[in-house]
């Protein structure tokens, strides 16, 4: 059976993933500018990708016989990522998301090592599959911050 | 039964909605620039959203036992929105669409009040449901005219 | 590259096809009599078949690097088919549609010859595929005008 | 919370809608003549449209914390529409259905006013959405009784 | 051709099946208690299973060239099953349904024998296929009345 | 194992069913008059219903370890139904189809008795299921020949 | 255009609806007992129903040209419903959800009146449609708290 | 308008295509040997591909205002391909099908030239599209007659 | 109600059908040779066809108020068919399957007679429908054992 | 290449997974009591989840070039889980399933370690993915054995 | 039968189309800048459109009884279009794709003339249908290189 | 972050997987003999399975912030597998594919070890999931080379 440490990683994963989902919906609603339609769709796509991972983490906690947290307060308290705020530029949204994905990727790697040490391959696999969601989103957004490739300038 | 005024609102709704649909297809075909793919898709999406409302207005007229108009000449004559023309910039397309949606939103509000006064909740509901199509399109396009949010400039 | 003549044929095809679509929707809404349900469905089916061809013609114009027209005024001006009007009998609707399809079939044949002369097989194929939509509709409607086959009279 | 009057309107809506559904199935089975296939399909389509509304009315009663009725006896007793009977001509079926739809439309309008007075917008909306099912069916059938439009006579 | 007796069995099958359908919708709306969601879904599932059989019986009557009945009054008069009433407990709903299914199963067996005697294999098969709908429902409900199997008590 | 008689019934069923299918396609193509669209769709629907039964009969022959026939010549020779011919009125098409269905229904009943005598319940069931296709089609068409029910005359 | 009051109602609707969604997911994960499977499915179904409404409220705010909030902190601060906490019994989950739905229903009714006063039928309709989601959920859960109907006790 | 010659080509195309379809079904039923499953599926696939072309040819005849033939006798008389017969080996089935496809391909090429000469691009296109069905089938079957490629021998 | 004999037939049907399913999966996994892909697919298709029948037999036992068996031990004990074993050639797999299908077909015929004697048409129909699954599989496999039809040898 | 030990783990996985599938079907058929519908559905859901894993294990054995076992006798002999038996209470079914899942989870963990030692990441991944099916089922069932959460008791 | 020249055109079409497909995937992976999401999707869409044409060309070669080439080396050798390389700007990707499409369009026109001269309408049609894929892609990309239409600059 | 070695493994995986895809399409087009249909389908199925893995490898390179290669030249240069060539027998195709899969399986195992050493579980998982595609294909093809199992020889 996995150690209590792994449960903590799973609880943080729920809090951070739900927070990133909520951030994305917030960006989705408040984006603007000539790229409105593109970013409106992109943020919603990424929000959906991340939301699907929340259920897996929470249900994994239950399989390890602990309680899964998830109310707004619990999420706000348990998360270590940054929250979206008023008046952000689209660029700031993207930079914040990248920073959050990187933080989560780092934590998931530690969780994988811990789960493997504890001899809990199922939990490790949950993190291994879901880390790739964050790695892909990080790539997508990172590319948006590069120069325009000659099309725009 | 609804008054003749409501039938007039419905006939104008057919003419204006069909005109906005035709404008959008025209933008869809003639858009250009680095945002070609995004705007090509967006204009077609909005065209489709508006076309779906035309049938509802026309059939409502028939339920009130009047004749529904719809030939190109009748549409051209009955519409109060602006028509797309040659040589418009993409920005001009968007500005024209916003202006047209606002005009239609104003007319639909009057139509709703009239239908409610006439004790015709079915007709009122047709306008209430479809006004939201125009309100959403107006928001989508309005955002495109804002500054680039740090990504482009 | 195709000559300017072919672009004219394509523009007329857009105007006429959109007009026939709008006529069909108008018949669809205003048909009546014991065959109401059958003709209501049939006119809508034919409207949909024709609408699908409009996009192809307009986008073909763009591939030939010309501007595609499509606002209600442009359609009303560019069309050579007859427009639906008030107070038509169902029989008159069908007769008008047959006449319009025949006119369009004749024009498409000329367009095919022109495109082949210009060495533009893509444009020719667009007309060849879509002429069959009009030929099938013409047959469907033509049969409705025959005597009742013993069932009704 | 809505008054007892609104619950009465909802109970009558269940009884009348279920009755119209059952009438339509009866017409669907017993129609005949050269228009057999058309009317067989049409009556089944309208039956299905009306059946979907029954669930909404009954569940609305439950949300208002009253008991929903629905056995054959309760329906037979609670309905105010006319019931289909043996030996009806197809024309008589259509005339009966039109009459029933008009009766229901009148009742729904009263129900909407009552629900609005009671400050119960949810119930009002249930009636507003479903009144349109009856208004559309009334139009469809009314057109069938007009002269043949030149095709048949 | 089948005897008049078989038509009577088919008419009773229509009346009883439609009544059981209506009873199930009534249970579906008015069920309650800790098993609300389970029984709400189950009653609707069974209602749908039975409704599908009604069309088959009624259309079979028409193939035998008789008139199919189906108005609320005709159903109420022609049915031999018990009707749902106010204030039933969930247990009483289930007991009533079981009793009704058993009655119908018995009648269908007689109908099958009669149809076979009349040399009408098509009608016999309609009863043979649909008897299984009632046999399965009877089993499902019968099991609910047994003791809780150690889970609940 | 079934007797050779049953194989003969199955071979005739293939020939007659394929012939009725081909007749229906022929009616489907050549129908005309004000009911063109309705009868065009109806004949195609019935054609499809009957075609599905051909495979079952032919494969059943193979399960009984005999050869299944099916070339145009074999069908023309093996069929006992009437074939469509040039210049038929729509009414004549319907009358021919009714006559053919009745002939087939009679043969299938004999086949069922034979298969039951031979102790071959699988073959009997193939006929029992497929006889209902013909019984339903016969009803549909028979109704078309009745007087117009007040709508048309 | 709607007053600032309506925007406040919409912001509260986002916060409360997102909170109820998050509560439901929490119940979905942590439910237990003999009704585990039923309540596990039910809570997830209701979570999904409520989540769909969040997007509508937030996008409506944007149509009214205000900023939509949605980060975990903003939700936690803006919500007036109760949050799920550790160690709740299944019964306590259901009681809390009922209480929350009732609170939201009351607020939505006020919002509808305000939007109507402001002459903003689109916003009013968003509340009218979505109030029914809460009214249905409240009914479903309320029934679970009743006595067992004879089945269980 | 197309000459009478083209109508003759279309009539032959109906007869030959329907015959090839019927041959394929016959092969499909009577194939045997270690490749039973493969050839059983392949013959049915090809039968379906060819059947789809029959409707197009017959309806094209109707568009040219002639009568479409299609009864078993008419097909048997009008076809120029070979018919399947009793006792064919699987290899003989494939050889017969290849021969038939080649005959049809030759005829279609003549029909295309005739339709082009008559200035009937629609009819020409029907043949052009459908010739490819036969060309592909001919390739598929031709390959089966080659040596086994080292796998079998 | 059916006699105990019929329950015995149903129990044997469960055991034999489940065994044939398991045999087919075993063949599916271990087949080999140039026909690997064809037989791999065919065995899985037949496995699926047979598995669908198991549920019907077992649930029928429950409708007759007896206990359905199904654990591996009970299946192994209750089955009368032969079990797959190690080292079988593909031909031996097919021969074993044919033999098993024939045994089952014989038993189902006896079961049908018994159920008919007991006046239990529902049970009889379960056997009648499912016997055809075995009769078709037997034909499919039997053909594979014939000579190669000229293609292979 | 993997050692023979891993093949043994895979063979045991096939035997145990197939046994658990068969147990679940047996529970699915024989469950009873007020929770009949819920447990009937749940057991079938879990049966399906487990059956999907059997194919993966067996095909993995084939990739490692060994023979996959699967007849009823082989399953009965190779399994280490407990088999369902007559007269079990629903609670006993759930307890047996939990015990079996735990046994399998333990074995899969050992198999994962062995496959990793053998440098066979593909086999390890098959176990890692499928262990989660058992871990989720174990959680689902474990919760059912807890006290009723205030709803029932 | 087509001349060897046509086979050469088909082989070049395979090589060039596969190369364009591979180029598009390369652009799809390596695009960047504020338009990342739009161009990432667009390049993949165009890649898919072109890949669908490859199969048609290759299978056409087989119908003409020649060998179809397709290994990476053969493609690299047989292609006349430019290959994507490292370090391209997004603008350079688009310019290269336009140039390649224009080259292919020119070649396809020659191929069409050759196939028509050879009396091979099937091959001609394969080129005619697929030339339009390249003409549409060329238009899409060409528009991206125009000035921004007022939105961006 | 992963070392440069892992990027090299990913680049080779792109080149080899794309090459195997192209080989399979080439076999798919040029296969022949009595097993044509089976091998034509099988090679296309395997081609599709492998193509799906290419995108994953290329996008993984981008997540590691390197450039993904993919033009025909780059693929031809970067691949270590053998390329299909002219005049191969079907047996030679299968032998070549088996050899290529084995080479790739070996490389993927090294890549997995490297990625695990680098602490990059996401990349490792990409290889672990996709190695199974090659392992399954290797098994499928390997079986085809065995003796015929008594069916053919």
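The chains carry the letters A, B, C, D, E, F, G, H, I, J, K and L, assigned in the order they are written, with residues numbered from 1 in each.
What we mean here is this: a contact is a pair of C-beta atoms (placed from the backbone, for glycine too) under 8 Å apart; a residue touches a chain by one contact, two chains touch by 3 or more.
Heads up on the chains, UniProt names are A, B, C, D, E, F, G, H, I, J, K, L = DNA starvation/stationary phase protection protein.
Given the structure is predicted, the values throughout are model-derived calculations rather than measurements.
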item: Least step count from chain I to chain L, where 1 means the two chains touch; value: 1
item: Neighbouring chains shared between chain J and chain K, ordered by label; value: A, L
item: Result of counting contacting C-beta pairs for H-K and A-B, higher pair; value: A-B
item: Copy pair chain E, chain J: interface residue numbering same or different (half cut); value: different
item: Cα-superposition angle relating the copies chain I and chain G, to nearest 5°; value: 120
item: Chain whose average C-alpha position is farthest from chain H's own; value: G
item: Interchain centroid distance [CA atoms averaged], chain E/chain L, Å; value: 58
item: Interchain centroid distance [CA atoms averaged], chain D/chain F, Å; value: 39
item: Gap in Å, rounded to a whole number, between the CA centres of chain J and chain H; value: 52
item: Set of chain C residues in contact with two or more other chains; value: 34-35, 38, 59, 62, 144, 148, 151-152
item: Chain pairs in mutual contact under the definition given at the outset; value: A-B, A-G, A-J, A-K, A-L, B-C, B-D, B-G, B-K, C-D, C-F, C-H, C-K, D-E, D-F, D-G, E-F, E-G, E-I, E-J, F-H, F-I, G-J, H-I, H-K, H-L, I-J, I-L, J-L, K-L
item: Touch list for chain J against partner chain A, complex; value: 109, 112, 127-129, 131-132, 135-136, 138-139, 142
item: Chain L-facing residues of chain I, complex; value: 31-38, 40, 89-92, 94, 144-145, 148, 151-153
item: Chain H residues touching chain C - in the complex, by the definition given at the top; value: 59, 62-63, 65, 119, 121-122, 124-126
item: Parts of chain F lying in touch with chain D, wherever the complex brings them together; value: 34-35, 38-39, 41-42, 140, 143-144, 146-152
item: Residues of chain A that touch chain G when the two form their complex; value: 18-19, 22-23, 25-26, 29-30, 54-55, 58-59, 61-62, 67-76, 79, 83-87
